[in-house]
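This is the structure I have questions about; it appears just below.
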Amino acid sequence: MTDSIKMEYSLELEKGFNIIAGPCAVESVRQMEIIGEFLNKLDIKFIRGGAFKPRTSPSSFQGLGIKGLKILGDIKDSYGFRVVSEVLDPRDVEKAYDYIDIYQIGSRNMQNYPLLIEVGKTDKPVLLKRGMSATFEEWIKASEYIAMGGNQHILLCERGIRSFDDYTRNTLDLMSIPIIQGKTGYPIFIDPSHGTGRKELILPAVRAALVLGANGVMIEVHPEPAKALSDGIQSLNFKEFELLLNNVKKLEQALDEDMVEL
Amino acid sequence: MTDSIKMEYSLELEKGFNIIAGPCAVESVRQMEIIGEFLNKLDIKFIRGGAFKPRTSPSSFQGLGIKGLKILGDIKDSYGFRVVSEVLDPRDVEKAYDYIDIYQIGSRNMQNYPLLIEVGKTDKPVLLKRGMSATFEEWIKASEYIAMGGNQHILLCERGIRSFDDYTRNTLDLMSIPIIQGKTGYPIFIDPSHGTGRKELILPAVRAALVLGANGVMIEVHPEPAKALSDGIQSLNFKEFELLLNNVKKLEQALDEDMVEL
Amino acid sequence: MTDSIKMEYSLELEKGFNIIAGPCAVESVRQMEIIGEFLNKLDIKFIRGGAFKPRTSPSSFQGLGIKGLKILGDIKDSYGFRVVSEVLDPRDVEKAYDYIDIYQIGSRNMQNYPLLIEVGKTDKPVLLKRGMSATFEEWIKASEYIAMGGNQHILLCERGIRSFDDYTRNTLDLMSIPIIQGKTGYPIFIDPSHGTGRKELILPAVRAALVLGANGVMIEVHPEPAKALSDGIQSLNFKEFELLLNNVKKLEQALDEDMVEL
Amino acid sequence: MTDSIKMEYSLELEKGFNIIAGPCAVESVRQMEIIGEFLNKLDIKFIRGGAFKPRTSPSSFQGLGIKGLKILGDIKDSYGFRVVSEVLDPRDVEKAYDYIDIYQIGSRNMQNYPLLIEVGKTDKPVLLKRGMSATFEEWIKASEYIAMGGNQHILLCERGIRSFDDYTRNTLDLMSIPIIQGKTGYPIFIDPSHGTGRKELILPAVRAALVLGANGVMIEVHPEPAKALSDGIQSLNFKEFELLLNNVKKLEQALDEDMVEL
């Protein structure tokens, strides 16, 4: 990737409302082709897909690893997507470099400092998710481990915090949008799929994120959620995703008039 | 109050986006006159003000009690406001009846069942705030103590839950808006003043509440927040409140076009 | 009750390791007679039993009310027990006065200030449970509402706080024993029945409470836990309670030698 | 280290009440010599000291790294201590192997799976601390990432969970001792230094851990806590540590008689 291209999508991420979509996990070439074709048709620019999956249990599906990265690389080449994918191990940062455009650091690794330092040495943007019980200060301090390596392309992503209520998978802290904007200059994203774990709550969360001025959202979409190897229950199917997208576009247009006044 | 008037504002509360505004505590006739005149000029229909204040420490200002209720009653008569005020003691429910239009039950009393039963025997709406660490199920079950007395005029109000982060006074759970709407038919309000404890976060919270379809918000406003006898730090002054109101109106207009599609 | 008797058991409560035992709820004369006879045989001095039950749902058993108090009064007369029972409503404080020796204020009512003020006007000890998400400061400040009425006979009772883990009913905060002892001069009790909600964890909790210097514990015991009208799952049956008691006595003896050195 | 020696201290760890003591961070040769001499005199077998420090801010002292490990190795050789030290990076596991006896995995890394897998490939015990908001199930599942590599020498260590109260640094969950013992066959340790962050609470926590049947505790001790490069506020000085040790020994003796009955 040339510097000019990198610069371009870095800028993209900092204006407008960006939608990162894709499956929880890369499962197969075929799956990613179907999803890639679908998202491309909808003019989605950022695709997500996990090659390395941090699962609570070691007996759950752990992702396709390097093979998964290669599948992502092919999709990227075919459609020109920017690829967002998680790394768990500092030794994988270099291996993943050629296949992805944005390194994702998951909640469990928000304070995995060697990993943060490693992605901080690269020139690719890093999407840093908030830890499950991380205060705003801890989250921002964690981002400093990335920045101190010279990499200032940091995106922060709220994905729900742990609370006493178990109706939702996590408690999506939408107020983190204005709080992070008040405390940092970094783009702030919302992950309503993990943040709520419930399909019917994704649209409201995205609408709120938009009006709150978030830089974007990350949404799980899968051709057949019921057959997904992970997180099927919170993934939208294609029809649901398209409805969501239409709704968001209308809201964006409606807000355009309002936005002038802010 | 005649039944037809009661019915009227009950219906009001169930459509549109209602703003309940006023000071944390009723402090004096003069204070309420200033606030009443200001809110009336802005066409605010619902005024709040605490006569009985549940304070963490018994040495903090506890409110003016019955005297405060009378001040509220006078303001109500002067301007035709609907008055929202908290009761703490089942023995005060009857005393407060003539002066207020909506009984507020605060977080600390969400599971004060004798109090819920007592307001459930009246014919006035009850605004039931969520307890500090109440699950959705507990909150809804608490509302059943009101409803079983025959009073179905229940408004639920999210005011922030207790979490591990102390940057904000509480963690305002905006997702409770679609969750409560999915689980009950009751109107849902948001109290961003207590929910965040920070003035700069009130506007974003109100904007999000509006787009999420909340039935309204409850906002603390005070002519001189720095001199307020309680919660001054989170109260808006008149200029800030007016700016917020203008912003909300613009957003409402912008959303009008969008709303058709929902 | 004469002042000398009252003084006597107040003092008792402040030395040694006191066991308050009994069913969650008073269910019938027969039930309380069986339990009373059993506890008396074991030389237990403090009996508990709920006449007014604060239940999450209004359709759950709400207790026998005044009838339950009378049953408690009879048991008290028969065996000379000190009776601990919860009040929920300030209007019941006077009604309960003759039947009970210690007013219990439950978690849900830790910040029910009119209720605290009302028991604070009496001359009977008050056992104030910690609220579900109450900080130490809030808990202590709540006790000041009792004390300011002149009633300094306050016992604090830790009963588990709300956390993210649902393996136990609550997270029993055993460290509250030394913390409360460092911050107040009040006796501190532990309620492992509600604090854990699991029978197998009651003995360990009681042993820890003893070594930490708690003034006592409150334990649910029922002749037939499976048939209890509330909280059966966490109640010990008679055999289990007796085993626990023997274990505690042995530990007390063992600690006697150690205690000299503290 | 020969297999027989390793086996020996693995067994040690599984019986009796083990005290792991030492500074938060290895700061210098001189510091460790002073501490080593002191702990050896007291017949402490397990020494702790951080060479790699996971600090919230990258501008805080990060530990001496390999140099720190070498200092630990020298102390180990001089006195025959078993050395417990934290690793953060899977690439450091091999480097640390020769200098330490027990790998410590800290709270922030409880779900750092590549790191767990890496220590799971070694033949040295691993002390796995509970994550800040980890449920028991997540903690145990995390241990499976170590075990699946063939390393069954796992010690679990409770170090306080994150709650709403900030009086203590964390909320030390002493009930995790019987809970973990009921759910796993692994030894369970308590870290009251991080678990409370307050020196005056360390002795009570250790006493409770002992009576609850914990396999040991991990305690921060420093010759001059006020000058410590990290966590000075929660470190015991030598005199305080010696008092604690005496108290624990007396309690152990007292419990010996009791233990027979359990």
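By written order: A, B, C and D. Residues from 1 in each chain.
Here is the rule we go by: a residue touches a chain if its C-beta (ideal position, glycine included) is under 8 Å from a C-beta of that chain, and two chains touch if they have at least 3 such contacts.
Keep in mind it's a predicted model, so treat the numbers as computed, not measured.
Using the contact threshold fixed earlier, the set of chains in contact with both subunit A and subunit B is C, D.
Interface residue usage between subunit C and subunit D, two copies of one sequence, is largely shared: over half of the residue numbers at the contact are used by both copies. Between A-D and B-D, more C-beta contact pairs join the chains of A-D. Our note on geometry: subunit A versus subunit D, Cα centroid distance of 36 Å, whole angstroms. Subunit B and subunit D, compared by their mean Cα positions, are separated by 50 Å. Residues of subunit D in contact with two or more other chains: 133, 137, 162-164, 166. Looking at the complex, you find that subunit A touches subunit C at residues 133, 162-164, 166.
Per the touch definition, subunit B reaches subunit C in the complex via residues 54-59, 88-91, 108-109, 111-115, 131-133, 137-138, 141-142, 144-145, 148, 162. For subunit C in complex with subunit D, the residues that touch the partner chain are 133, 135-137, 161, 163-168, 171-175, 177-179, 182, 196, 200-201, 204-205, 207-208, 210-213, 247, 250-251, 253-255, 257-258, 261-262.
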